[in-house]
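Quick one: structure below, then a few questions.
Chain naming follows the written order as A, B and C, and within any one chain the residues start at number 1.
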Amino acid sequence: MAALLAPTTLWFLVMLIMPLIVILIFSFGERAAVGGYGGGFTFEQYANLPARLKAFQNTLTYAPLGTLLSLLVAYPLAYFLALKVDRRFKLVLLVLVIVPFWTSLLIRTYAWIYILGGRGIPTILEWIGIEGVRLINTPTAVLIGIVYGYLPLMVFPVYVSLEKLDKSLLEASNDLGGNSFKTFLQITLPLSMPGIATGCMLVFILLMGEFLIPAFLGGGKVFFIGNAMVDLFLQSRNWPFGSAVAATLVVIMLITVSIYMRLAMRNKTGADQSLM
Amino acid sequence: MRIYATVVYLFLYVPIGLIVLFSFNAGRHASELRGLSIQWYGKALSNPFAGDAFFTSLEIAFIVAILSSLMGTAAALALQSMKGPLRVILDGLIYISIMIPGIVIGIATLVALVTVFDFFNPLLATLWPEGYTPPKLHMGYASVIAAHTLFTMSLVIIIVRARIAGMDRALIEASMDLYASPWRTFYQVTLPQIYPAILAGFLLSFTFSFDDFIISFFVAGPNTTLPVYIFASIRRGITPEVNAIGTMVLAGSLSLLIVAQFFMRDGRRRAKVN
Amino acid sequence: MTSVAAFRNVSKRYGEITAARNLNLDVASGEFLSFLGPSGCGKTTSLRMIAGFEQPSEGEVFLEGICVNDVPAYSRPVNMVFQHYALFPHLNVESNVAYGLKQRSPKPPTGEIHNRVHEMLELVQLTGYSLRQTWELSGGQQQRVALARALINKPKVLLLDEPLAALDRKLRREMQIELQNLQRNVGITFILVTHDQEEALSMSDRVCIMREGEIAQVGSPLDLYDRPRNQYVADFVGKSNFFYGVIEQVRTWKVDIRLDCGIPVVLNSSRSFNSHKNGDKICISVRPEQLVLARDESNIPEDSAIKSTARIMNRIFLGEQIEYLLCDERLGEFLALSSRHNELNEKPFETNEVVFVAWSRDATLILDDDERDKPNVS
């Protein structure tokens, strides 16, 4: 038994616990003159966090907003796939939603540089007389990239919970005089909450550490904590400050995720364990 | 509803279609289509840097997939019958390793390993016999593999554990009842039951590792993986060569997906019986 | 001592819960024995202790006279048919049946395994199914595969854990008869666990009725039906009407009883299973089919234990028989069952009709009043 667990435990110790402890120690240190870590014990790095306030603000705005938008786009599609589509096409359509997720996010995001860039949609808009629209390097571009990148991850859990839903409940509700909209609000939506909770959590967690989408589609203007960290560690080589940012991000995530989990549990909609 | 679905599918596939279309661009500039040609595929395939990066990624992904399926399955089996504080701690670590963003894992691993290496390298140099070049610890294959495996191993544990939990306990008892020792029961009953999950875990680990950019970006050291190479190419400027590489990667992922689907269907058919 | 399996003072506890308490039982070689009881009575735990999936907390389990407490399940010469069959889904019918033989060391030659599998499939009427996948089979067929898989090993005891529970009613009847025939043909000891009293009574040589982890009574089906040791057994095996009372006087061949409602009853004392004293609180039990109903008082036998009138509250046609629910101010509600061709009246009784009721002194059992006075249970 111990032999079976030993490699995993070792991995956790060396690759998870040790790095996190090092980050924590560095975050209380000073920057060496040539960059990197210069030892010492100070709260200066944490006191300096407001210097990167914008990155935190952006992340904490666009991560929830992107999650919400993904849900709004994904839900009707999941509903369509689970309840409206002919059985014969169901599997094919479902696979078509998942396929993009299995291909490189890097390349898929890259495509949007074209589409939103100067020769993409803005050019098309110019043809029909709308001029001066700028899309690339705006918050809109980042949000489009987010929805595009994480849509499959949202559709799937919602689809699963809608698929599991007992169809006779919908018929019972209609039979009891509820119209389609009331049936949706009172039966379908509450019963699909576990899928919504799981999907939102997955997307939110990934968005909190997002780097690629803001880097490609936000230019230097819409940047996340992830972009700030890349900048701090690789460009300015300010390891202690970067560590403080990373530690703060981890703490924020632990807090938001545990609050979210607690809320989800309280509503008895608990995120789907198997997907977590 | 149907129109909405069509729009969403267009939204999902038009960008991918554009990448593929522009990879056949005859012109030099990526954003202007000037006739069709396959010249960029030739360029991409004869580009030694892209080729190296591709094989590095393939090799890393393969090792990561093997390591995480082996260690993840072993851990899932051990955790299955385990209770007490150690179980709670390991469960916590599994979820933390999945929840922590890749970028934090990448940075933390980089910082920690560089610090450890800086400490050990002079030590090794003094310990090494005169006249021989002492080995130098550095970032590279091993660090990428180790960092990827942290995440994928936890993924395998969760997938395999779900399968074990869904397994009919009576099958194990039936095997024991029919004179099979615990070890024979394991490889004659348990293993055939959980192998679809292990295979799914293997493929997921492979794809994750092959597609991962952010962790490799930090810990790859002098080695370049394909996503890191593509990222750098995009940064340098957009040429149809990137599209050609991207199209080939997409085609590769798709074929892998079809193979996976084939195996999964087999597993699902078996799972249905329980 | 020829018992093939035995319990000696066996108890099984899970933390605070006692699943089995002080069991003592001998199973004779070649016998068909059933454990019968409601869920949670400890019958499955008992079976699993014989199989080796559970270890007793106290006492010893014997197989062929040897204590097997420390023998793991895979070394015990017993085999089990699982509740949901537990057929290996990744193996076909032939490989499932051959599984046990292949674990033996030395492994029998392939040809022999093959022959024995086919003999076995023939025995359970599945000739020609050897290469099928188990999930392609119907419930009844899966059941037969499970039987073949266990029987091929020629176990000393075959354990069956609610094997028929998943089958529909008609198929269950068929399989009951088949199981019984199979047991006679192969001569192997069968131990069956079931909560279906009809199943236990119709198939077994002996039935062990369990209650809250203890053995309530062991005996042949006829014994249990005619001579239940207590109210629990009488209630569990078939339907019974219970009336509570006190023994007024024990005479040479007769017992005078006064029911709680005041009615005096005279019974033949030979029908009493236990010895009773004057003043004992007891319960008398009457099977519904032993009640005599009549429109005309002259049709009531003279030496009845009791004579009364009662109103028909409800009646249920059960085909050949009719079940009546009757009510009397003093006796309360009780059931009567009358065969239609035996009926003294050509016409069945109507609801709300008031009829004469009686039962014979021989038809009445005196039981310990253990339902009312639990702490006094011996």
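The working rule: a residue touches a chain if its C-beta (ideal position, glycine included) is under 8 Å from a C-beta of that chain, and two chains touch if they have at least 3 such contacts.
Fair warning: this is a prediction, and the values are worked out from it, not measured in the lab.
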| item | value |
| --- | --- |
| Chain contact graph, described as a line, ring, star, complete graph or other shape | line |
| Remotest chain, subunit B as reference, centres from CA atoms | C |
| Dominant interface by contact count, named by its two chains | A-B |
| Between subunit C and subunit B, distance of the C-alpha-averaged centres to the nearest whole Å | 58 |
| Length of the line joining the C-alpha centres of subunit A and subunit B, rounded to whole Å | 19 |
| Centroid spacing, where centroids are CA-atom means, of subunit A and subunit C in whole angstrom | 60 |
| Per-residue overlap in subunit A, given as positions that touch at least 2 other chains | none |
| Touching two or more other chains - residue numbers and ranges from subunit C | none |
| Residue ranges of subunit B in contact with subunit C within the complex | 168, 170-171, 173-182, 184-185, 188-189, 192-193, 270, 272-274 |
| In the complex with subunit A, residue positions of subunit B that touch it | 1-2, 4-5, 8-9, 11-16, 18-19, 22, 30-32, 70-72, 74-75, 77-79, 81-82, 90, 93, 95-105, 107-113, 115, 146-147, 149-150, 153, 157-158, 162, 207, 211, 213-214, 217-218, 227, 230-231, 234, 238, 242, 246, 249-250, 253-254, 257, 261 |
| Parts of subunit A lying in touch with subunit B, wherever the complex brings them together | 1, 4-5, 7-9, 11-12, 14-20, 22-23, 26, 37, 73, 76-77, 79-81, 84, 93, 95-97, 99-100, 102-108, 110-115, 117, 119-120, 148, 151-152, 205-206, 208-212, 216, 226, 229-230, 233-234, 239, 242-243, 246, 249-250, 253, 257, 274, 276 |
| Residues of subunit C defined as touching subunit B within the complex | 51-53, 72-75, 78-80, 82-84, 86-90, 99-100, 103-104, 134-135, 149-150, 153 |
